[in-house]
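Chain IDs A, B, C and D follow the sequence of writing; residue 1 opens each chain.
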């Protein structure tokens, strides 16, 4: 158990802001909650309480600028900053207000080459259902594919074992599942949780650092995953894999690409691991023919290991 | 509206009876209801009232021997026999008892080269739920993938337009959906219903006559389709396509193969067409990139047009 | 098998048109397709092809004016008119155009005291999905509870056996399920199908003639039934029974009331009966303690037999 | 964030062991994992890794003997023991092996009069899916209603505010939702989470101490909740409320009673609260007419506040 709550925001690079906003707001169905002086656009999912979970920045190369994890409170933030520094990780503070409605952030670089940050404060705007005798969901913010929340990320880069060590030993994440490399020993993909979610973040080996494999959005049900797939088809969103079940994490999934080529996932969670259970292990063959990636098809789709941003 | 009720039985050729029975009884979850002197094995689905819907015959080439449609009653059977003969179709009677618990059958060959038969009588064995204050389903016969019923077939062969004409003009089927060939005019696949099912039978153009594309089994829900896919994966049933939605008929589907290579489908129906509505039309491009076959993926899986038995 | 396709329209009496339109259009999610010179409002469900299925008429007493069944074509309409007259039922023709976009109707009164009519022609306006390479559903017409179609009715009145006889012998309906009265012999509720729907219309014994128990709207899934219940709750629609499963017909259901006190149902169908299967029988005790009305709760909700309009 | 993982076992008193085992093993579908010298029977749900989650003890009065929470490890157990004592709570140790396959337990009495214990060690027997390239679920242990896990409890007794204080200040639970009493200020029901589950335990005001309202079992989907209700009906399990949605926690639910009169719930979770979100508040009226108990029916079922064991 740790003081890291969840991945709270991801800044995505998009090649065309208008197309990006259309995708995340109108097709995926997030709410636009703000734009800043740099032209960045902020969005949230329908059941998120915080001001935003996705930030879009227009530039000429797709990918992820950074992912931020919300921690319990300011003392917890200070504590993690010290622990990171004691572990030998260089950190720096980004001032409150650099992101709209967001407090100070502690930024560091992972061994996999990703910019990760921790923060304790972001304005709670609520989910529209009210605090007293609340509705279960708010029809006014329910449109498009309509995920519950931004849920987790899979990042590609080098030094997976070192990154795993950092997240487990310093940040208190649990290793929930893992894929072993050809040597049958080295972790080449690790799925990490700071809660009882099947994963809050995952890292896979890739020679180039700092790459994004996908950002995942949580759906309420397998029925809603198909409905999301229908909408992708109607809206000409290119689909990569699915609908199917992942063997790894058991999640029910569709992978697709946003207009800039950033992969995203809609998925229904189907497992809640606890830290007293040993991690599940997948062999490299298990990832493909064993159904780790696609449990129904039992095949390793070629794009899975090769297409990142 | 016609006196043909539904496809009531299909005789499948299997290369190994033990493997075939294991597949249809233990994995798919049908009940074995009899074996005859020729060694054929009879099976029914959990919510079927008739004695059997699938008959397995062991031989050295996979495929379908014949499909039988149940008609309302004996006068209807006689009437269709006369209509077929008047239309110029040669028919012959097969004696009652040739198939277990089944009355006389009127057999003919379609222009597509398939053996089709009509019959009016088969012993009702019930669904195990009782006739008075019945249960909604019977746990005692619910195991494996557990489809509701054998639902429809897709057959491949030549002379699709002539076959369409026979089924609509003589047997009273409705053309519900169709796929046009490269000329934009000729029907190369036709989906036909004798009820308000999205299809009771379909025919696709193929040079070789008498081929089976798939036999389809109805599932209660999209959730049950995935559960069926999980079971296929656990049981090493090779999966062809899905889970996904067909654009054509909107069905939610997985295609897979039995141990002899006969394709079968588990599907959830999502459309009830009526005969006063004009048929829906798919272009050849619409079948692939338009999502006719795979609405989410919008691609024409190579096996769809090439693998038959 | 018969030439009657389905219940195609129901004219409901509402006490306040504005409230009625708000209910059926904004909460239930039907589309308003027209208003006529008499002030009647016409609505259709999202997957209906015909111009309308519900007509609202404002007056000072709730209930149903009439239900119309669409038949296959004009010769079928003439044929049924003759059969009804030969059976001793008085009929009269209502001119085309009396209802918007609707052809001539043949009206008669059932022994249960209900106005029933047959018609063959109504303008097809489509479901918004297109006829070529169609979408599976149209987001533009998907809002509110969003039923697929108006599906069936349960009507209360005297002379159930005579009404059953009329519908089966003259109109060709099948008796699918029935509830026996205290004598264990008389049918006091009958469920009738003119297709393979679990019921197209049902009649229950009631001393007063011409009463409406409920109009039912079809939902895609049990998940959509709950979502509909959520919306009813948010919109202060008073709910009568459910969500639960009916033992009779196996339907998954919520009963509720429109602002005028007309009961309506949203339900997911879970049975497709064929005319070669004997009807299922429920005892009076089976309707309550046997789960006929509420399979999970196994009780006879008091409102079921007493509240009608 | 706390070191308490989850409610790990509940010892229930049953009036007839054979009937109790039949209920939990054969109808609910748990696996029997052991019987001890005292005659107690141990059971686990299909996706639980620990040796057992329910212990049945035969005696002449129904109810709950105790509930045990698993903590992260032995140092955490010692730590909580000290914190409880420092807070003024009397604790005592129960020796390892008193419960089969279970380590030392630290027992205390809550202000509400319930026996609660903490423990760190219980033999992991697994879920049958394997640790390497695991299956998503194991057909061999999937039968009956088949819940995923024992999930949470609602306990009735006095001193709710003091019990809340103990669980939040000493054990680190979060107050997720609460129901206010007639004075509009006092918490009369509190829902507490030690994770991101919508609740791990809840307490409601009741004059008599130490009462059990219900033990809840997690289901995979709303479809599985109805299937569970079907099985209850077939097996003559008396149902209290549902299927419906709770407004509080949004859970999709059926309440029913075991043969001894202990209420149990099958439910699908629909909310994952985080500790940085303020608790949701329900007024007493909101619990009933506001949909807190039954969101669709918006009524306070009389049994909810009055029937406990």
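Definition applied: a contact is a pair of C-beta atoms (placed from the backbone, for glycine too) under 8 Å apart; a residue touches a chain by one contact, two chains touch by 3 or more.
Just so it is clear, the model here is predicted, and its values are computed rather than measured.
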Touch-network distance, chain B to chain D, counted in steps: 1
Contacts common to chain A and chain C (chain labels): B, D
Classification of the chain A:chain B interface as same or different, half of numbers criterion: same
Between chain C and chain B, distance of the C-alpha-averaged centres to the nearest whole Å: 31
Mean-CA-position distance for chain D and chain C (Å): 43
Shared-contact residues (touching 2 or more other chains) in chain A: 136, 221-223, 230, 245, 291, 295
Footprint of chain C on chain B - complex, ascending: 1-3, 5-6, 49, 70, 72-73, 124, 131-134, 136, 195-197, 220-222, 245, 247, 250, 270, 272, 274-278, 280-283, 286, 290-292, 295
Residues of chain C touching chain A in the complex: 135-137, 139, 221, 223, 230-231, 234
Complex interface listing, chain D residues touching chain C: 222-223, 226, 229-230, 232-233, 239, 242-245, 252, 254, 291, 295-298
